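Heads up, there are several structures right after this.
In the two complexes that follow, chain A is the common piece, with chain B as its partner first and chain C second.
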Partner chain A sequence: MGELLDWINFGSDPMANAYYPFDSYNLPFDIGYQLWEILGGTIAWLIDLIFPGNSVSTWLMCDAVSTLLALVVFMLLIFLVAFVSTLIVLWEERKCLGRMMDRRGTMVGMKGFLQCVADGLKTFQKENVVPAKVDKMTYMWTVSLVIGVSVLVLCMVPLSSRWFVVDYDTGLLIIMAFFALAPFFILVSGWAQNNKYSLIGGMRAAELMISYEVPMLILICTTALMAGSFNINDIVYAQADSVWYIVPQILGAITFFTCAVAEAERVPFDIAEAEAELVEGWQTEYAGMKWGLVMLADYMRGSVSCSMFVILYLGGWTLPFIGDGPIPEIVFLLKAYVVFFFMSLIRAATGRVRTDQILNLGWKVFMPLSVFNLVIVLLLMTGGVI
Partner chain B sequence: MSDSIVPVKEIEEKMDTDKMWVIMGPQHPFSHGLWTLKVQLDGEIVTDAEPIVGYLHRGWEKETESREYPKIIPMADRLCYCASMTYTHLYCMTVEKALGIDIPEKAKYIRMVADEVCRIQSHLMWLAAVGTDLGSYTVFLWSMREREFFLDLNVKLCGARMTTNYPRIGGVRNDTTELFDRDILRAVDRFEKALWDIIALIDDSSIFVSRMKGISFINRETAANIGLTGPAMRGCGVDFDIRRDDPYDNYDKVDFEVPVLKAGDSYSRYMIRIEEMFQSCEIIRQGVAKIKALGKNAPYRVKTPSKVPAGTAFARLEDPRGESLMYLVADGTDRPYRLKVRSPIFTNVSSARLQSVGVRIADVPAVLAQIDMCLGETDR
Partner chain C sequence: MAIRYLDKYPKNLAKSLWVMKPTIVVLKLFIKNIFHRPVTVLYPYEKEWIPDNYRGRPGLRFDKCVGCGMCVRACPTACIKLIEVEDDNGKAVMRPQVNVGRCAMCGYCAEYCPVDAMTVTPEYELAEYSRYDLLYGPRRLHYEGTTEGMEVKCEVTLPSDIANGNPERRVSLFDLDRPELIDKKCIGCKKCAKVCPVNAIEMVEKGVNDKGRPILRPVIDNVKCISCRNCVIDCPKDALEIKEVL
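This part shows the complex of A and B:
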């Protein structure tokens, strides 16, 4: 029978753990690890108190189990922060749009922030209507995948060099690949719903995707070319070392921003859910919590678009002359909110474009601009300016 | 595609690519009110369209036959919620014509000013609808905000916001209230500035303009032949306005221009209504000055008999949406024998097929917003 403090290792170093899953220091994992040290230590001590000298207590505190359970806490923490930052984005848009439209925006508690909670509760309480003639399997799994992929890609965006899920050398490409998955599910979902509006909406999602995806990838490759890596860390620190890439790539930044608006399916590119002619587009047959989550997924995608813009062009979580700073996560989120403010501004100021217009825009404007941007970057690099 | 390697025609025949009928309405965000537009789609392009109205039929014309003449006035308000005063005005004018009486000058001016206030209200409602149909909520809210000032003028004049019950057979219910002329001038001055904001929002944005310009042309002859009236017709180049060409009340005593555009596309129909709002402001200014010049104690209503002598009468006026007409058959009792309403929208909406064939489905709301649907009068 030992003392409590024998079991709890305050401030133990997770990186000393044999099963440490990352290459570098990871803050959320560290928090999860410390939490598990306290929680698991207490449980182990209690078990040891009742059954002295058992092996379960030592098993609970061994390296492998600690890492596993710390990972659970880590995942919850990552999701929670991403989720709350999405709710802040939602609140920001509602408030900003309200002011731009000469009204007050949401007013429920905490300057309107609790409106998100109220909306969540309301959609949660609604009846889960599934229309009789839909293809039920496809109807359900497509929407789950749209939401799931959005949550996944949101969680995969690193907030700083110490707040990340994976730190691959191709991190940027993986995020973009997951980001571009949703339109496929939207297409299938529109087909499965047995509704003409949904069908047209789903087809439009595919139409939208082929118009912005190629220029967007060219722009990402341009940035990767400048930084010399697809690793997000490398891209951010390359900008911290030289200059934010919005300066040499101003054309590219504007084009990427417009593509990002399209990627997030927001006004003026929300043709897949154009409510004027298609009721709710591909979401027409989704009711209750399904619709609520799809709506939230939209904002998650908007949030990811802004984060990508910040990573690619605004120096990520670094600040000029300061570098990382004490809390780079906050810096990163604040930058993303500033970018999102401009998205709200565009939403307030413009209408919806037509499908043929966006195809023209994608292939006749974005595409040449992104290639032109690539040429400028190449010239700058061969000239030795950057 | 004749030299194409892929035999598109044959594949289409084999694949049985049917055209798809999409039924937009009656519960659809684009149909402002209860009406349906069936559109046949080939991909995204509309190949055929059919408007269906009648969901809101209340038997208005039949109902009037069992009511005394003054009791029809509040009913006439309900014909159009956006511009209720014009229909009440039209009804009173018809009965006055059947009675063969002339109403006081002041009443004529007040009716004229009230009509123009209603025209601005109605056009702002239309602008709000255009905003949502083109995907901008800002235009909607800004227009609704401006409309609120004119609804307040209605309150100032007669105590109600939308269904006003204000004109009477033989004049108007009450004189202008105290400070009404000051308030209306303030509202108009303010509105002219605010409208420029909305115009800047729409016209400076290439998205809005490209959604309207060069879409759904109607030429002058077709517009006249299918019986388009109002701003939709003037946007197609037909230079006709009842206020100027067949003046009723005191429209011949005020100066105003009738905007006419020859382009005939969706954008010109939009421009006409915007310009009409500015002209209405001019008319209001002149009308208010005339009311003021008539003095405070000028009569505003004459007594009228309750029974209308047997005979027929019709009156027409320039509704915000077009030409509306009432035809009264009186049989000498205190109730009409028959009262027929000619609604401008009922005729205008029949051009829905003409306007929407060939455009993309995304443009259907944007094009049909220029009809400015109002179901109260269409279905009666």
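This part shows the complex of A and C:
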């Protein structure tokens, strides 16, 4: 039996742990590790107080268990930060859209930020209504998968070289793959709901994804070609070393931005949920918290689009002449919010584009533009400019 | 393919960038709105400026009122009723009671009040929990801080005035109208003198009739008269009528 502070070895280096799960320093894991040392140390001390000299206390504080439970805290932390940043994106859009329409926007607490929380609580209290004639299994599974994939892809986006979940050579491709997964579930979900509006919405989502995924992937490959790697860290630091890729690839940046708006199914490319003509599109039959989470997932995808734009063209978390800076996470998020502001601006300024116009734009304008952008980059690279 | 799409706008390539125009307009509005506050007024917390003669619920200055019933007759929704109340000296007098639930806030009562006792007030938050609470008695109609603008004046200019080279606006319509007696219809019943709220009518003997009884005829004091028409309405033989006095 010992003192409380004997059990808490706060401030120890997680990288000295034999089971450290990452290759490089990871800030959220460090925070989670320290938190677990306090929490687990207290629990171990309490157990030791009641049953002196037991083995459970020492087991709780051993290297392997500490790492495992610190990972749980780490996951919570990553999700919490991503979630709050999505809420900020939501608040930003509501407030900016309000000002663009000469309104005040949300007004509840903290300059309107607490409106998101109030909306969440409201949808949470609603009854869980499932229509009688839907295909129940697919109905529930697809919406879970849409939300789950959106949350996953949001958590996968690294905020800096020390704030990441996985850091390996095809990070960018993994993010894009998960990003492109949701429309499949949307299509199945539209089918499962047994409703013509949902079915049309789901089919439109699939058609949108097919036409805009191709130029987007070409653009990502172009950037990877310039940086010489699919690793997000490498891409960001390659930009910090030379110049932000928005300068040589201005054409590609504009194309990517438009494709990202389309991928996130936002106005003017929101034909999949088209409130004015398709009730709520593929979300028609979802009520209560399911709808609330679907809406949140939409904003998560918008947030991921902005983050991808920042990573690919705006130098990620680095600043020119400064490099990483003291808090690169904040720099990254601020850049993402600036990009999202332009998304809100487009939303306020334009009306919805027709289905055939979207396909025309996707295949006849953005596709050639992305290839053209690739040609420019190739010429620059062979010319030795970059 | 791209060429074929652009063929739609062969002369002006910039037209393909139509999306930029609304975007720039919205951006301008956004920047403007950051510096100038939005036009929305947060109603329960901040209120708009109210003009002096804003037509809210009617108000009453109890002591000025003479109980003539002009407001009752002018009210288009018939929400005003004369009821008997005690004044400060304990005397029973007639004063208007307003059913605000039916009131259209037109302000006619204030406009037509000959003594400017009925006013409009800037009060417009009148929600109550029951219909009974919407009945405003004469004492409840009182409003502190009545200004001159709230006694809505009925200002008119007559064509005859302009023709006579006197284009000034008359402050009250009631400077023009006075009851006039048609002598041969009058039976001298004194009813007009009883109903006159300002005691402007005096019954005067004008000789005797065949049976030797005195002949009574009303004489109207034009200075005291407020043209409320009570005498005209209550006359059993229609012997009084309103005439324009110029």
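Here is the rule we use: the second predicted complex is superposed on the first by the 386 of 386 C-alpha atoms of A that agree within 3 Å, B and C clash if a C-alpha of one lies under 4 Å from a C-alpha of the other, contacts with A are read in each partner's own complex, and residues count from 1 in each chain.
Here is the rule we use: a residue touches a chain if its C-beta (ideal position, glycine included) is under 8 Å from a C-beta of that chain, and two chains touch if they have at least 3 such contacts.
Here the structure is a predicted model, which means the values were calculated and not measured.
J.: Taking the superposition as given, does A:R99 touch the first partner, chain B, the second, chain C, both, or neither?
T.: In the superposition, A:R99 touches chain C alone.
J.: Is A:Y286 in contact with chain B, with chain C, with both, or with neither (first, second, both, neither)?
T.: Touch status of A:Y286: no partner.
J.: Which of the two partners, first being chain B and second being chain C, lies in contact with A:W363: first, second, both, or neither?
T.: The second partner, chain C, only.
J.: With the two structures laid over each other on chain A, which partner does A:A348 touch: chain B (first), chain C (second), both, or neither?
T.: both
J.: Quick check on the superposed pair: does A:Y212 touch chain B, chain C, both, or neither? Answer first, second, both or neither.
T.: neither
J.: Which chain, chain B or chain C, ends up touching more residues of chain A in the combined arrangement?
T.: Chain A has more residues touched by B than by the other partner.
J.: Should A:E275 be classified as contacting the first partner (chain B), the second (chain C), both, or neither?
T.: After superposition on chain A, A:E275 lies in contact with chain B alone.
J.: Considering only the touch criterion stated at the top, classify A:Y313 as touching first (chain B), second (chain C), both, or neither.
T.: Neither: A:Y313 stays clear of chain B and chain C.
J.: After overlaying the two complexes on chain A, where does the chain B footprint on chain A coincide with the chain C footprint?
T.: Touching chain B in the first complex and chain C in the second, residues 100, 102-103, 348-350 of chain A appear in both lists.
J.: Given the complex with chain C, which residues does chain A contribute to the contact?
T.: Residues in contact with chain C: 96, 98-100, 102-104, 107, 345-346, 348-350, 360, 363-365, 368-369.
J.: Spell out the part of chain A that touches chain B in their complex, as residue ranges.
T.: 97, 100-103, 196-197, 200, 267-268, 270-271, 274-279, 348-357
J.: Help me check something: in the complex, which residues belonging to chain C touch chain A?
T.: Residue positions touching the partner: 1-2, 4-5, 19, 22-23, 25-27, 29-30, 33-34, 38-40, 42.
J.: Could you pull out which chain B residues touch chain A in their complex?
T.: 20, 22, 24, 28-30, 41, 44, 131-139, 141-142, 145, 201, 205, 207-208, 210-211, 360-366
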